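So, here come the structures, one by one.
Consider the two complexes below, in which chain A is the common component and chain B and chain C are the respective partners.
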Partner chain A sequence: MPRPGFVLEVDRSTPSILFWRGENFSLEKLPAGRSRVIYPPEPLDAIKDIDGAIRHALLNPIDQDPLPALLFPGMKLTIAFDDVSLPLPKMERPDNRQRVIEAVLDLVAEAGVDDVHLIAALGLHRRMHEYELRHALGDRIYDAFHSRGMLYQHDAEDHDNLAVIGTTDHGEVLEINKRAAESDLVIYVNINSVSMDGGWKSITTGLASYRCLSFHHNPETLENTRSLMGHRHHSALHTSVWRLGKVLKDHGPKIFQIETTLNTDMFPKPFEFINKREWEWTAKDRATFLGTTKALNRTPIKLARKIFHGMEGPHQMTSVQAGETEAVHKLTLEHVYKQQLVEVQGQTDILTMGIPFVSPYNPDGVMNPVLVMCMGLGYLFNMYRNKPLVREGGVIIMTHPTYRDFNPVHHPSYIDFFEQVLTDTTSPAEMSRKWEKQYAEDEWYKHLYRTGNAYHGVHPFYAWYWGAHGLQHAGKVIIVGGDAPTVRRLGFTPASTMDDAFEIASDVVGRNATITHLHVPALLVADVQ
Partner chain B sequence: MKLNNTPSKLSSVPQLRKVAKLGDAAGAAVQAVLKPAKALGFPYRKPSVPKGQTVPETPSKLGADFETDWARKAPAKAVRAIVTNGPVRAVIKLLANPEINGLDRLADLERLDKTPALIFAPNHHSHLDTGVMIVAVPEPWRSKLVVAAAADYFFDTKVKGTLAALTLNAFPIDREVTGRKSSDELRRLLDTGWSLVIYPEGGRSPDGWGQDFKGGAAYLANRTGAPVVPVFIDGTGSIYGKGMKKPKPGKSKVVFGSPLYPIEGESTRRFNARIEAAVTALGDEALTDYWTSKQRAAAGTNPKLTGPEYNGWRRQWALAEHRKLGKAGQRRRQKRRWPDLG
Partner chain C sequence: MSRLVFSRKPAKFAMARIAGAIMPGAGAHVGPLALQSDESLPLPTPDWVRLRPRLSGICGSDLSLIDGSASAYFDPLVSYPFTPGHEVVANVLGADGKPGKRVVVVPVLSCVTRGVSPVCPACATGQINLCERVAFGHFEPGLQTGFCADTGGGWSNEMLAHPSQLVHVPDDLTDEAAVLIEPTACAVHAAARYTGEQTVIIGAGTLGLLTLASITATRDAQRKAPIIVTARYAEQKRLAKELGADIVCTTDELPRHVRSASKSLVFGEQLTCGAPHVIDCVGSSDSLQQALQVVAPGGEVQVVGMPSNVSLELTSLWHRETAIRGCYAYTHADFTTAIDVVRRHDLGRLVSATYSLKDYTDAIAHAAASGRRGAVKIAFDMRGN
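Up next is the complex of A and B:
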């Protein structure tokens, strides 16, 4: 029976706590008497008969007819699926998407449907490499559909293949992939790693154009998104997305949404200690930790990155639900919260977090400085419900080497963003006004996005906006162990050690400030009371 | 000289006689030792059978009765691990270079705390198929894999039988008669966690096309509840098919299907038909692609493994066309070469 998450009050008997530091770890001693650590719930048990559960979901959908009843010969069917940003780390084969799409194709073949297109719903993310598509969908689907031109990736800049579905009462234009828009049925296959994903966000961002995304991916909306992972009505982003969803529901193609959730069993056997509570580490775990960290200290960064990105998580499906988008998503969120929610009493003065080697925007790539900010302030800061873990004006302390390193294939516009935009301003509103258009419309970035494996030119702005609420909320952000000039370029304060960071933080929050550590890995959402 | 010698010669006669006597005694002793036991008579030899009596035949220890339990004991397992991971793997790589697909379909079973015994049911074109299966089947099943082999072919002599049992962990089954002993023994093996490779076609293809499936795999699955994994092997027939005197190295492909479970109340015949349909669909998947195969399976139009209904040269002609699609055809395909434009 998996144990629920809990909050540990740190006392003198508490051992040092594990922190991510990019492609390595460290153990940090937190001050006794004023610190607490939020531990995530243990991984839930996976579904025993996963394929059986998928088939059951397709045949018994929520608030919709069974899938076979929606299929007929001669119809135009589009199956869209989440891109490589999910799950993290990539899961062992077979991926949820492969399992679900194979089950869907069984029914589609039985119904005699020939016109089937599979589209990777990547929005403005980079195109997936062939090996990534093969991993997500399996070799069988890739070999059968890709060579026929029936498996491809969404292109938000291909204006001939975009169609306007309608406009919301707030003037937001819903423009999505034309093939999906003209289909008799769109089946969306999702992996819901965090509560922010899924629902109407799947199609209205994954298959949308830049124009459509810019209505909610902007500083104003994201500063007003007061709970990205929590209640929808606290999130300006989700409110906008749900308005677009209504337009899609009323004027778009018929949608059959399939959502899956995963447990948090994220790291394979040799790295078991990552998911364990420190005082439960065995001699083997301690030896593995010591061996791993010592070895990684001497490993070239490229090799270390290769090792970490090559990992396949043993996480498995904990639920699958299909049918009408909103009804499905409601159930999905229940499953996500069941795995991730931890009740926490009150806010804190200092929030500490270890930043890992990967974020949703650098699978198999480099965690560049902009993404460090995005991961810390955009994702981990936002892992709360009700109110942020850190009080307004409090301090956020992250641990990461924050090297000035970029993947030029995946993140070409990030390099210029770092050199050109961040030297000018770190204010989301100001950079949006002065710089965003130039990057979004740059022909070279568009070319790299459309034909290579590059994120869209505007993507570094979106990554920065993702942390807009965190930036606005925190009184100071400190990065421990980061490259000092790079950290300063981000507008943050560098610190050599955790003790130094607490010392620096005391200028803002006083000497007896309370500290809360968000214990990642494993995902958790703090339900702050 | 002669006269002078005579008395001395005469004086040596008794000595010579003594030597001769000793020689005779030694010869008799040697003869007694060397004399074949049969010459000694009963009980040193088989008793003669009285007239009018017949001796009942001793049960044969060959064929389906070949004893192979020893091949599943630790020493034999250790030897087999060396043989299969060394020479067998090397030979298969050299001759058939198999491309293995569909292992993800076994991932769920592999993750279980107690992995169940499986019945692998591949099509059969060549003696190489067994080697290919031993190489292709993933752990944890590979190290506990028994191969059902034709008793009349592999176990007709002691040497062949011993080698087959030791190196392939072969178990004799009678192709002609449904032997209760074989099936009981196989059930016992499955119940004790040994997985099984059984060729439902009963033997290698005589003409390159497949044969109708016999119900052995379905019967065992029905009795034991073990899942059947349909497997399609492509290409081995043209590397070392029936009737070929020496192998022609080439490429092969192995496609594993999703495990099939016997449905409660389902007859062996129906389950066998499902297994055959699954292998047929995998065959189509191996030669075309997953989606084409799915569509044809739904419409019931997957090309049959047994080939076209007609006989004679047209059947062989169709086989050549069929092979062009698969791995066997690739051996003959020219690699595309781009012109060197300087």
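Up next is the complex of A and C:
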């Protein structure tokens, strides 16, 4: 029986706590008597017969006819699927997307449907490399569809292949992939790593245009998104997305949503210690930790990245549900929360978090400084329900090397954003006003997004906006172990050690401030009471 | 008089070339430059005057001579032995040998200075920098004072000049400011081609900074697009920002900034658009190649830094109809403008260190490593002599 999440009150006997530091780790001693550590629940048991569960979901959908009843010869069918931004690290083969799509294609073949297109729902993310598509879908699907031009990636800048479905009562225009818009049925295959994803967000962002995304991916909406991972009505982003979803439901193609959830068994065997509670580490865990960190200290950064990005996590499936989007997503969220929710009493003065080597926007790439901000303030800060873990005006302390390093293939506009925009302003509203249009309309960035493997030119702005609420909420942000000039460019304060960081934080929150460490990843959502 | 003398000694020249290749500036230790005491030089004609240098700067062209890397092109334009030093602020010596008014020298040895009559077509239009007679006339060849056996040069406590070469230094300018008038005149000459379009200045040594200062001091009203400057060292970056650059970056970052500012696409390493005006203040193969990489089709690369033997891939020049144009020295009018530029930007602060003549090896080592050592202009100081 997996144990639920746990809040540890730190006392003098508490061992040092594991922090991620990019492509390495550190153990940090937290002050006794005023610190606590939030551990995620242990991984839930996986579905025993995954293929059976998938088939059952397809044949017994929620609030919708069984999939075979929606299929007919001569129909136009589009299967869209989540991109490589999740799960993290990548899933051991076979990936959930492969399992689900293979099951769908079996039924499609039985129904005699031959006009089937598979579209990677990238939004403005980078195009997946062939090896990533093969990993997500399996060689059989890739070989059968790609060579015939029936497996491709969404292009938010291909205006000939975008279609307007309608407009919400708030004036938001729903513009999505034309093939999907003109299909008799769109099947969306999702992996719900976190509660923010799935539901109407799948299609209205993954298959949307820049114009459509800009209605909610903006500073105002994200500053007013008071709970990205919690209740939808606390999120201006999700409120907007749900309005677009209503337009899609009323005026768009028929949708058959398939959502899957995962447990928190995220790391392969050699890195098991990451998921464990430190006082339960065995001698072997300690030896592994010491060996790993010492080896990583001597490993060139490029090789360390290769090692980390090469790891595959078990990510076992805990549920699969299909049918009408909202009904499916409601059930999905129950499963996500069952795995990730940890009840926490009250807010804290200082929130600490270790930033890992990867975020949703750098799979197989470099965690550049902009993504460090996004991961810390956009993702980890937002891993709460009800209210933020850190009180308003409190301090956020992250650990990460924050090197000034970028992947020029994946993140070309991030480099210019760091050099040009962040030297001018770190204010989401100001950068949106002064710079966003230039980046969004830059022909070279568009070219690299459309034909290479680059994130859209506007994407660094979105990554920064993702942290807009965190920026607004925190009184100070400190990065421990980061390259000092780079950290300052982000608008944050560098610190050499965790003790230095607590000292710096005391100027804002006093000497007896309470401290809470978010022991992620693995994933958890703090249900703050 | 004491003076540094550069003699024609092939063996020492070869040693300087080797030493300079290993460590820039090391040619001063082993090469044909030496401090010596001599009799005063005779005046070429009675109208010439004697000067007592106060400060005399060390220029990149001086360094390339000392390190044996100057082009053989100059051989017929130089006469040995000569005293280097063409960036000079000096006092005119009266008949009694007492120092008089303070002047800077326009070092170009053009037709008038050489007694050539009638003057060549270039000199007739005031373009003394294009003079056709720098190797002719009634004294030894020498394209400028500081490269001519008969005139002496600024690295001494006495030199000769023709009255047409003298520009009065206003009293409000310090010697440090005045010694920068000559290099600033070079920069003013380069800045004359500034059109206000996107402009790249490659290199933020003395010449790059002064070119930037000349543009922002005299032509800022024309600015319609960013001025981008490449700089290697922190102090150079700081000064470039202070002197008005919109973007200061390393050479590695340059294509990205030009691309962004010109909304260019890229094929291979080549920008499809680029900056219409690129001013190369370095003059190396790498800098010129990068200039061609970032210059716009139909645009112009202006070579302000003195090049030597370079190797270039010129296909893009042909394909994109770009031009490489030299930019040498100045006219008398450029000196007048340069005084304003020096005053407006308080450029005397760019003189980072001064040395006496006897410490010439240290001075040259400092000048050769000026960027790395956070310096801009190094000069000889003869005021104590």
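Note that in this section the second predicted complex is superposed on the first by the 529 of 529 C-alpha atoms of A that agree within 3 Å, B and C clash if a C-alpha of one lies under 4 Å from a C-alpha of the other, contacts with A are read in each partner's own complex, and residues count from 1 in each chain.
Just so we're on the same page, contacts are C-beta pairs under 8 Å (C-beta built on N, C-alpha and C of every residue); 3 or more make two chains touch, one makes a residue touch a chain.
This structure is a prediction, so every number in the text was calculated from the model and none was measured.
Participant: Is A:Asp106 touching anything from chain B or chain C once the two structures are fitted on A? First, second, both or neither.
Facilitator: It touches chain B, and chain C stays clear.
Participant: Under the stated touch criterion, which partner chain does A:Asp499 make contact with: chain B (first), chain C (second), both, or neither?
Facilitator: So A:Asp499 meets neither chain B nor chain C here.
Participant: Taking the superposition on A as described, I'd like to know which of chain B and chain C A:Glu392 touches: first, second, both or neither.
Facilitator: A:Glu392 contacts neither chain B nor chain C.
Participant: Go through the superposed model and pick first if A:Asp442 touches only chain B, second if only chain C, both, or neither.
Facilitator: Only chain C; A:Asp442 stays clear of chain B.
Participant: Please name the chain, chain B or chain C, that touches the greater number of residues in chain A.
Facilitator: B
Participant: Please indicate which partner A:Gln420 is in contact with in the superposed arrangement: first for chain B, second for chain C, both, or neither.
Facilitator: In the superposition, A:Gln420 contacts chain C only.
Participant: Thinking of the overlay built on chain A, is A:Glu430 touched by chain B (first), by chain C (second), by both, or by neither?
Facilitator: Touch status of A:Glu430: no partner.
Participant: Can A:Glu334 be said to touch chain B (first), chain C (second), both, or neither?
Facilitator: Neither partner.
Participant: Going by the contact rule at the top, pick out the chain A residues touching chain B in the complex.
Facilitator: Chain A reaches chain B through residues 50-51, 92-94, 98, 105-106, 109-112, 114, 116, 138-141, 143-145, 147, 150, 316.
Participant: With touch defined as at the start, can you tell me which chain A residues reach chain C in the complex?
Facilitator: Spelled out, the residues of chain A in touch with chain C are 415-416, 419-420, 442-444, 447.
Participant: Using the touch definition up top, name the residues of chain B that touch chain A in the complex.
Facilitator: 101-102, 104-105, 107-108, 111, 258, 285, 289-292, 294-295, 297-299
Participant: Could you please specify the touching residues of chain C with respect to chain A in the complex?
Facilitator: Where chain C meets chain A, its residues are 247, 249, 253, 256-257, 259-260, 263-266.
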